[in-house]
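One structure below.
Labels run A, B, C and D following the written order; every chain starts at residue 1.
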Amino acid sequence: MANSRFEYVKKFEQPDLLLLNTWIVVRIDGRGFTKFANKYSWEKPNDRRAIDLMNAAAKAVMSEVTDITIAYGISDEYSFVFHKSCALFERRASKLVSTIVSTFTGYYIYLWSTYFPDKPLSMPLPSFDGRAVCYPSVQNLRDYMSWRQVDCHINNLYNTTFWALIQLGGMDSTEAGKTLQGTFSADKNELLFSKFGINYNNEPEINKKGSVVFRDYELVEPGTHNVAEEAENQAEPVQQSKSQNEKDKKKRAKARIVVEHLDIIKDEFWDRRPWLLSNKPGKVPKEP
Amino acid sequence: MANSRFEYVKKFEQPDLLLLNTWIVVRIDGRGFTKFANKYSWEKPNDRRAIDLMNAAAKAVMSEVTDITIAYGISDEYSFVFHKSCALFERRASKLVSTIVSTFTGYYIYLWSTYFPDKPLSMPLPSFDGRAVCYPSVQNLRDYMSWRQVDCHINNLYNTTFWALIQLGGMDSTEAGKTLQGTFSADKNELLFSKFGINYNNEPEINKKGSVVFRDYELVEPGTHNVAEEAENQAEPVQQSKSQNEKDKKKRAKARIVVEHLDIIKDEFWDRRPWLLSNKPGKVPKEP
Amino acid sequence: MANSRFEYVKKFEQPDLLLLNTWIVVRIDGRGFTKFANKYSWEKPNDRRAIDLMNAAAKAVMSEVTDITIAYGISDEYSFVFHKSCALFERRASKLVSTIVSTFTGYYIYLWSTYFPDKPLSMPLPSFDGRAVCYPSVQNLRDYMSWRQVDCHINNLYNTTFWALIQLGGMDSTEAGKTLQGTFSADKNELLFSKFGINYNNEPEINKKGSVVFRDYELVEPGTHNVAEEAENQAEPVQQSKSQNEKDKKKRAKARIVVEHLDIIKDEFWDRRPWLLSNKPGKVPKEP
Amino acid sequence: MANSRFEYVKKFEQPDLLLLNTWIVVRIDGRGFTKFANKYSWEKPNDRRAIDLMNAAAKAVMSEVTDITIAYGISDEYSFVFHKSCALFERRASKLVSTIVSTFTGYYIYLWSTYFPDKPLSMPLPSFDGRAVCYPSVQNLRDYMSWRQVDCHINNLYNTTFWALIQLGGMDSTEAGKTLQGTFSADKNELLFSKFGINYNNEPEINKKGSVVFRDYELVEPGTHNVAEEAENQAEPVQQSKSQNEKDKKKRAKARIVVEHLDIIKDEFWDRRPWLLSNKPGKVPKEP
């Protein structure tokens, strides 16, 4: 509304549009969560309430920012994926990142008391930072997701063994760290089993696989779609009719957002859920 | 910790460092706050509790992110200023913006019930977006601040008159809008006074001036410093000794963060608070 | 070598790396070539010597910058394409653009006298500007190339008709412009034929199609490769062994660089030359 | 002119505007000039014809791109400075860099035969790359210029001594390199004098100081202007009247462009030539 000789300062704002026709991943990370976890005496190696809270916040973000296709979370981080045809905020990096970080943080604080009714939050409050990265191909995007899930596996195996050595083996953290130095996965599996009778395979999926959040439609038969290829062939930012867009939006609004703990590295996950890469809503399953 | 064939995806992250030796302003804005204000039946034209909550969140941000020099807020927006010598997060735009947006949102949600004890928050929650802009000179920075304060004045005069026409004059919003079309400040002042006996000058400073947040030290005599010039002459990102940095940090931690409603367009505000442009903490005032 | 208190200024240089795994197009344009064409009395609508000079310079650029896959030129512009796996200059935009612009300009000036022996160059000299654009998919890249060739066609049909009206029809440029206003391609074809007996289809291919420059290998049977798909599947910047890279480089050095005037919109051009999208050198044809 | 379904590809071009109100330095560097110097048997350590050719090309660039304020060259590099109020090409980095690189290269090739009449150019031709860097303050800009001149001094002292050891002392390059390893300036000065009777101070200014190119107006008395400060106070991109701009342009066109070999580190150079930082043309000196 205002008009003054100072308005020239608006011209210093620099554009930060993300390259068209690329997949956008916004990853957020908890700031100083090691200290934060100690403050609230979270269980080691995984505090189920803390993970459930992360997942609840991510689910809320996905219902509010309907352009998000899929999200994946481990520990204190969450990655939110926008389809390569996404035009939200004209693809401005700062808008996309700040909106997701703000919404996520809001729900994290708001829902805290649901998951930690006995541990009221106090200052300084938890907070998150975030960044956006573009991936040109479906393969790059899937490799990003795989990278995070491999990280989840490696970290969880390490932490499970590390805390077993401490909690069950009576070591202090220095001894436990030394014991694990230079060990491979097989060594840690073996150590868990031989020393503590723990079969790592029987650990909860939520810890081993992390959490994947998406809109749920009817699964399709594998092999009936070649989605990755179809996705690559959508050269131009999808130019659907407005009415088609409205229909898609309604379908999406009807779809249930689910939190699962599945293997997202293998093809099957993607093959059976073609809507994740195609951005076309699937068939809403009948209520049971 | 992890190492896999997927790790190449890290290389897609692009640097977003803000130009050295420039003032960084991170401005955040409430998303959809018109609707949000209606949902919680905020008073028009200004809801004092809503403004106090914004200020409380901004104050909390400033205590946590000690690199912030000054902040200025009106309505549902807040601008946070980093000194041009700031090296926080290597000046990465996404880190600076997301940290401020996240911290601000967290406190906004957390403190909500203090300011609106009778109006519990419900979903969808309020959220904020943000962006960073660089200003090369002190003059550019001060013009930015002046721009926001002029905006505050123009908007508040308009809103005060608009709502007087409705609340006191019995108009509907269309009539009120038409009445104000094409009017100048003088017209609105006159209208307020002649029709409703309201002297705009007597309106609360917090509404007319907005809120400026900063660390408080002893004021200096105007004319004893030429801070703007000194600031410009700090060519290189300030290279202080580590011990000097530690001393400054302690001084800053001791300083009280205040929320005032002052004219930040005129020189006096800046002349009497040389620490704002110099980034050298002033003299901590004795407790009364 | 030098080390001084001034060296901090190096830190102001900002990175300008182009996103990985995207096709890079560097397009250069003649600066003020309308005036330049008049200065040297170039023939209208197309001066064959001027086009040959552009092509010779482009060919020289391709022999020096061996990372270029294909180039396409019309009028006073040329587009140079780097494969999406290109790692030249770490994909720094300014390095890529400036190297191409500099090399092209150098050869343009150097070869001028070969093509215009009777028109010595005088100051101000011709110059070119340039920019880099990233295209994530093969489809985007091919659409870019198609865009330029459609432009070539539309401009050449217009110019051919415009100059026929002037040179053969005795109009001045204002009359010719008015005559063509609002006409479609069919109208121009008809006008050329009915008024001047010119069949546009018989115009030289170099004017109708522009010039495409590439390394020549043995053509393959269409349908034996699916290069676009293969190209998309090269997710990660190609990680060849060093010895394979050396072999490829030698093969490329042996290949003849040709300038052709072909349809690059249809699939056939790309299908028969799989090396353009795969970046694997083809089979060097036997010398005749 | 053209309009087709391919035109969407234009939207992939990303903006690269340089921050307003900052000094822009475009530096260009010869590509592979060590090899190039050997090919044409340039004299060591400095080939006067090669330097004169660089300076002639830089002078030509300055007459064509009238927005350039000052340029500084050493060896195979040249830095061109645009005033912080520069609005050329909307401050688009690729346009600024490519135009300078192209114009410089063009003149370098074109003027070659004037400086090397006995050494005709052959392929591969010399070429240059370039980049743009922004400096927010006068101090930063002057430090950049000082950095280059200190580099010039250090390199020239080293090269002078190195080649004296070879040409006069009969060493090979390995021996010369070893002799100089770890030496300071004073050592090299001493070595030059004691071994070869060379007083480095008597070496040609063009080699010791490099070359500075600018428009020449009447010098002013030092101390009568405070240009740096005045320059800093030009907050907003200068908003002159059109007629004032035209007048300035004419004045600039009349001014002689000179190539000098002066100390640009000390204040005096800048104090006596206020037009360099103020961007206001000075008084054109009377012809002698």
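Just so it is clear, a contact is a pair of C-beta atoms (placed from the backbone, for glycine too) under 8 Å apart; a residue touches a chain by one contact, two chains touch by 3 or more.
Listed by chain with UniProt protein names: A, B, C, D = tRNA(His) guanylyltransferase.
As the structure is a prediction and not an experimental result, all values here were calculated from the model.
**Q** Go through C-D and A-D and name the pair with more C-beta contacts between its chains.
**A** When A-D is set beside C-D, the one with more contacts is C-D.
**Q** In terms of CA centroid distance, which chain is the most far removed from subunit B?
**A** C
**Q** How big is the gap, in whole Å, between where the Cα atoms of subunit B centre and where those of subunit D centre?
**A** About 43 Å separates the centre of subunit B from that of subunit D.
**Q** Can you check how far apart subunit C and subunit D are, centre to centre, with Cα atoms defining each centre and the answer in Å?
**A** Measuring from centre to centre gives 32 Å for this pair.
**Q** With centres defined as the mean C-alpha position, give me the subunit A-subunit D separation in Å.
**A** Result: the chain centres lie 51 Å from each other.
**Q** Name the residues of subunit B that each touch 2 or more other chains.
**A** Where subunit B meets two or more other chains at a single residue, that happens at 8, 12, 14, 19-21, 134-135, 140, 143, 236.
**Q** Which residues of subunit B touch subunit D in the complex?
**A** For this pair, the touching residues of subunit B are 19-22, 84, 134-137, 139-140, 143, 229, 232-233, 235-236.
**Q** Please give the residue numbers of subunit C that touch subunit D in the complex, ascending.
**A** 1-2, 4, 6-10, 12-14, 16, 28, 31, 60, 64, 92-95, 97-99, 101-110, 121, 123-135, 140, 143-144, 146-147, 150-151, 153-155, 158
**Q** Which of the residues in subunit D come into contact with subunit A in the complex?
**A** Subunit D residues touching subunit A: 8, 11-12, 14-15, 17, 19-21, 236-237.
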